[in-house]
Amino acid sequence: MVVISDILVQGIQMLLVFLLAPLLTGFVRKVKARLLRRRGPSVLQPYRDLLRLLRKEVVLADNASWLFRATPYVTFAAIWVAAALVPTFATGLLFNWTADLIVIVALLGTARFFLALAGMDVGTAFGGIGSSREVMIAALAEPAMLLIVFCVALVAGSTQLSTVANFIASSQTGLRVSLGMAMIALVIVALAENARIPVDNPATHLELTMVHEAMILEYSGRHLAMIEFGAFLKLLLYVSLIVCLFFPWGIAIFGAGPLSYVVGAGVYVLKVGFAGFLLALFETATAKMRVFRVPQFLGAALMLGLLGTLLLFVSKSL
Amino acid sequence: MMLPAFNPVAGVLLIPIAAAALLALLPGYRLTARLNVFASLLTFLSAGALLLLPRPAPGAYVLVDDLNIVFIVLNSFVGLTTSIFSASYIAHELDTGRLTPAYLRFYHAMYQIMMFGMNLAFMSNNIGLMWVAVELATLTTVLMVGIYRTEAALEAAWKYFILGSVGIAFALFGTILVYMAARPVVGEGQDAMIWTLLIQKAQNFDPALLNVAFVFLFLGYGTKVGLAPLHAWLPDAHAEGPTPISAVLSGLLLNVALYALLRFKMLMAANPEAIAPGTLMVIMGLASLLFAAFMLYRRRDIKRLFAYSSIEHMGIIVFAFGMGGPLANFAGLLHMVMHSLTKSAIFYAVGNISQIKGTQSIAKIRGLTETHPALGWGLVIGVVAIAGLPPLGIFMSEFLLVSSTFARQPWLALILVFGLLVAFGALTLRLTGVAFGEPRGSRAPAEASYVPMFAHLTLVLIAGVYLPAPVVVWFQHVAKLLG
Amino acid sequence: MHSLSFDISHSLAGGLVLISFMMLYQDRLYSLLNVFALHALTLALSVAWQAYIQNAPHLYVTAAIALVFKAIIIPVALHRIIKQLGIHRDIETAVGIGPTMLAGMGLVALSLALMLRVTAEADALAREDLAFALSVVLLGLLVMVTRRNAVSQVVGFMALENGLVLAATGAKGMPLVVEISVAFSILIAFIVIGIFLFRIRERFDSVDVGALDDSRGERR
Amino acid sequence: MAAVAVQLWCVAALLGTAVVAVALSRSRQLATTLIYGATMLACAVAMIGAGRWLLDHPGGASELTLPIGLPWLGAHFRLDALAAFFLVVVNLGGAAASLYGVGYGRHEHAPHRVLPFFPAFLAGMNLVVLADDAFSYLLCWEFMSLASWALVMAHHRESGNTRAGYVYLVMASFGTLALLLAFGFLAGPAGDYGFAAIRAAAHSPSAATLVLILMLLGAGSKAGLVPLHVWLPLAHPAAPSHVSALMSGVMTKVAIYGFIRVVFDLLGPPDWSSSGIVLVLGGATAVMGILYALMEKDLKRLLAYSTIENVGIIFVSLGLALAFQANGQALPASLAFTAALFHVLNHSFFKTLLFFGAGAVLTATGERDMDKLGGLIHRMPVTSVVFLVGCVAISALPPFNGFVSEWLIFQAVLQSPSLPQWGLKIMVPAIGALLALAAALAAACFVKAYGISFLSRPRSAAAETAHEVDGFSLAAMAILAALCLLAGVLPGVVIDALSPIAVEILGHRLAPQSGLAWLSIVPIAESKGSYNGLLVLVFIAVSASLLFGAIYAYASHAVRRVPAWGCGFTDPAPAAQYSAAGFAQPIRRVFGTLLFHASDHVTMPAPGDIAPARLRIELHDLVWERVYAPLVGAVGYTANRLDRLQLLTIRGYLSLVFATLVTLLLVLAIWS
């Protein structure tokens, strides 16, 4: 019985992120449009786009290989699993221990790996640009990410997200400077990983600037849909990661009964919405930077992470 | 001296003399070459008998003990294999007209006289006699180095002769000084030159005299050992003489001088007040090693290359004996034996190579393992062995020497290792050039036989992985003797 | 008597050293040869004296060899060679006369310093003799390395060898002395013949080193 | 029969095979099949023997002494858990390489230069692992180097190979001399060369540090630690591919075995500061190695450089183990140690696999230069799949094995706050960041490797007409690929199999993993961190296939094949695709300018000029230019200076003698 309900709850979470992801993107786009004094499409537009793409036929380059066709599914699945393993409305779900923070990062890495390969498969210049830049950005983002993990793990004594969330929620950690640094670093990494301004502009096809879009330039139809959906999920994943790591308050403890789950879910949606709003605000406020300024940008994240860790030693030793 | 018949001692000494006389008279190089081999075989057999039969008591002139029997057996063995090699080698020299039958007769006679001189030097119990014998061996080799009568050969021989004579003089002066030191203690005349008596009474000798004596002896015999900076004659003598002689020079003559050095080192060690000879040997050994190691890099003549490698190894051996102690001495002995075998094997190979390619210039020899697999790989194994790589014998001695030295005198060990590495780099550099790459030069089959080369290499290989217990015990005993 | 004998042999040995110095001082070949003849003569005298006081008759042989061979035959032969090979008569020195003399002084001092450490129970005679012999040897070597000229280098070697013989004869009751002196005379004969055969005019290695490079395989 | 005896018999069989090979290596086909078959058999037997010993872990060790080697000592051989594990690694690689060789060897144009040395090489590696006294250890070590050198020289006519062999031999001998010094120091003046005696003797911390440094020089030069790595990218690719696989995948592990054996087993607990050295060297090696690899366009050299990276990772992990052990923290120490061993195993799997793949590409196209490859995924379907597996695994991506070991290492890194020393506290996180950087760069590197050589359009005729390789090679690669996945999804089993080693060396082990629910692994405690490769795999597979099914069922499944779009511009020439150098350009611009003094020179023709624009990339291997070139120069200079002594006149030589004499006499006069 218990197992059933556990699986049920886990299923709910998977479904939740599945449904919520496009909404978040739509919401962000809407807010951005608003900030630009435009009406903008409805928040449900992403769903429509996905459905449209799904129905279209796939236009495939002659020399596209099986890898090119498999990648969308692999990528999406990897991201989805990763997203499902981040506590959203409740901690300690059945499969949380399947993977800790490092594994989640690595799962995203797998997704990126295949996407980068797919970018090179057809052998157009754009794919090459996209892949090479993507891996460069990733190469800088991952160490930063690890340092963030390290910093958090030092505070909570674990890389297990549920544990971390519970620990921080249980407000025995006061306000920590190092945690603040870690959060900023995580935000920077999230921006880079999700191809957001200022690292990349999801809305442009200007070849000199684009990274992610160039990589998936050859995709169309259901494949494109999968990839887009993956991107939505990834955004949600990072947002809920930030939320669960740094603002876990109101998250439901596992086995606390349906009611608290509902409450937790409500709170979670609110937090995600707020984060989305901030993201939109930030993106409208800043401009995209040159590709070769990105290293400095991510270097800052790296420094912050390291600084946070060292600071933690100091504060601990005091 | 009264020697009963069938006395192996007499065999080792008289067979070469008789053979020399015979060879000087007989014409026809095929016969003489065979005879030469036969005589050397007999010498080797009687040396073996010397090993097995009970040894004669040390007489006024002849001494056979654990130390020199090592040298004698090794000497007669390499003498035998070299004679086999030269039998097949020299024939080709006649064809190419570098030698005439007359010179060949002379060559064979000289070969036996040289063997006699070396055996005598090993066996003599009288330091004066030992001196005479060493010089006899030296002069015969001088004559053989010059045998090709080319300007270069004559020049080499001349250089060898002059430097050798000075060495002779030094050695003699040292010998006289030893006699002077011994006379008050041992008594006048014959006795004060008999080594067995000297070593017994050495502690009462006058240290100051002994010191000066040792300096002269060290330089005198050290010239023959080829220690830098007394080495000058060695490379040219090796490079210009007939290859069998180069093999004998590296494999044997250096050992003769080394043997003399060891005897006097023991004498010095027996006297508490005299300076410790070890320090001097260590310094000169390291100097020779380093010097030769660097000299190896710029060599263009393959025989001269290996001549310098002989200097290097003599340096290592002298260093080992200088360090002293059971391990180092054992290593030194082993290294000496292994070096004699390996280096002569290498010279057999080089002889074949230079005959085939018609040149000794390293730059003109390439890709041997392609054109002459047996010869090429033989050379590879030889050089690998001489460079101190396992599973060949020299690795064992270098292992013992380096490890024990590092435990005792780390800095010396570091210098030693540095020298070894530099030399290794040079040797392997030349080896890869000669043995590999696009083949160059003639592809004609080799004239001389590979048997001696592979015989030596097999021995070295076996020694590298398995030393028979009796040999070990015996070496350990000798190592103890050397202190 | 003993003291007298001691003085005589001592003065003879000392004379030998003195003559070695004279050799260092020579700058003409012929005079060098004459001085060497004198050197050999003195040696012969001292050997003979040793033979007399040690009443060791075999040493007379050595003395005779020294007298006949070294003091007469060799110098004459060398005179011949010089004429035949047309070696020009004055000696080119690698180091100037003055420094050479100073070096010689130093060498003698060194050999004395070394030999005087010898404990006195080795009888004084032998001790002094050795000191002188050593200096003669070193001076001979000095001649060899400071003279560029083949003949003078041979002379230097012979002087060195004289020193050896002096030491050998001074060593009381040393066996093989005669044999050794004979052996050395043969050696020297070889050298002289070698010079003559190989037409070695100026130096031992007048064969130009550069010309030998290819046969040495050392050409750059 | 004693377990060690079985191993030695296998070694004997290998040596016998080598001898036979000398005899019949002229007759190609027969010899190839026969020799590789026999080798595979021997290796398989040895592997099974060692594996059973490891799994049963009877504890203790099975020893044997042969009356050879150093006379008064004899050759000691010993099989304990550590040795057993490395024997498994060696012989697994050996068996796979032999299987691969049966097919690959057919294309060998000089079999008589490969066949005899191949079994000898394997025998040497086995013996090194088995040896139990300093002499036999070094003897086998050098024998191994020598055999591999001969294999490197197999294609000695190809340009650069002789140089590669030369550099390799010199560096190998340098390493051996360092080991020799280390053992000499351990054995002491009396010369107790037996490992038992060394283990028993007490070593002071300073001595331990000295020996550790010597081991870093000796074993490190063989394993390829920066800056001792220079020979590796030259030598490994020069050999035939299955030998390269062995050298990269296995021989470096033997070197690591040597390091573990001496530093962890013989030396006893070292000083904590020495662990710092290992950590820094390891971290630097990892990052430098993979950056070198990124700059490469030669497939095999790229793989060789990535070997350097993995060696660095392993050394970092070992350094962590040292640090924890020095502070008596048993559990984290065993965690780091197990992680290191796990990575050793993993790397031996996927690096061997990748080199096999490179060999297959070489056979199919005759090209190692990635800029002449491309599109092989269409021509070589199986190879491309297994090679992809290798790439994913080596890029440390779940659910494959590479990720598990790196995850374990990160877990160990996360334990570092418990270290008392400030230096380590602060250093370890930084090193961890370096590891993460290396991992990400590795992913980039293998995206490049796979993307350039297997994906995209063929860049040369050879690549266009490539054909799949023979069954043996494919089988060998498939087996390794399967192992990569297995070790990735069932890490618990591997960890438990490794535990006896940790017990033997550190006296402590990780908690048993195989018992846990859902086969997940929990190194320290579930609250601290856990991973379940199996579930991750299942989830991904299930959700992907569900989606796939759903979409095909309810959405479209129509496909239209058209020319590639590329924003409307389809460049006609395949040469215009991204090249290896082009792909690495962003990373080169980030790291290269500092580490390689990299600079791009573009020559743009004048407007109207139809000459092609040219891009020249300038890279400097600073390690070579700053460390080795000066050394070589110094030796050459000294040699030239001394060489003048060869051409003195006789008078010159005489004056040398004279000078020596006078000096000695002076010394005598002054001192005595």
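Letters A, B, C and D mark the chains in the order given here, with residues in each chain numbered from 1 onward.
Convention: a contact is a pair of C-beta atoms (placed from the backbone, for glycine too) under 8 Å apart; a residue touches a chain by one contact, two chains touch by 3 or more.
None of these values were measured; they are calculated from a predicted model.
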item	value
Intersection of the contact lists for chain A and chain D	none
Pair exhibiting more inter-chain C-beta contacts, B-D or B-C	B-D
Far-end chain from chain B, centres as C-alpha averages	A
Rounded Å distance, chain A centre to chain C centre (Cα mean)	99
Whole-Å separation of chain centres (CA-atom averages), chain A against chain B	78
Whole-Å gap between the CA centroids of chain B and chain D	44
Distance between chain centroids, defined by C-alpha means - chain B, chain C (Å)	31
Multi-chain contact sites of chain A, meaning residues that touch two or more partners	none
Touching two or more other chains - residues of chain B	158-159, 162, 166, 208, 212, 298
Residues of chain C touching at least two other chains	114, 117, 141, 144, 204-205, 218
Pairwise chain contacts under the document criterion	A-D, B-C, B-D, C-D
In the complex, chain B residues that touch chain D	158-159, 162-163, 166, 170, 207-208, 211-212, 215-216, 218-219, 223, 229-230, 232-233, 235, 275, 280, 291, 294-298, 325, 327, 367, 369, 384, 387, 389-391, 395-396, 399-400, 402-408, 410, 413-414, 417, 420-422, 424-425, 428-429, 432-433, 436-438, 464-467, 469, 472, 476
Interface residues, chain D side, partner chain C - complex	646-647, 649-651, 654-655, 658, 661-662, 665-666, 668-669, 672
Sites on chain D touched by chain A in the complex	374-375, 377-378, 388, 392, 395-398, 403, 407, 410-411, 413-414, 417, 422, 425-426, 429-430, 432-437, 439-441, 443-444, 447-448, 450-452, 455-457, 518, 520, 522, 526-532, 535-536, 539-541, 543-545, 547-548, 551, 555-556, 558-567, 569-571, 574, 576-578, 582-587, 589-590
Residues of chain A touching chain D in the complex	54-67, 73-74, 76-78, 80-81, 84, 95, 97-100, 102-103, 106-107, 109-110, 112-113, 116-117, 119-129, 131-133, 135-136, 138-143, 145-147, 150, 153-154, 157-160, 163, 205, 207, 217-218, 221-222, 226, 291-292, 295, 302, 305-306, 309-310, 313, 316
Residue ranges of chain C in contact with chain B within the complex	114-115, 117-119, 121-122, 126, 130, 133-134, 137, 141, 144, 157, 160-161, 163-164, 167-168, 171-176, 179-180, 183, 187, 190-191, 194, 198, 200, 204-205, 207, 212, 215-219
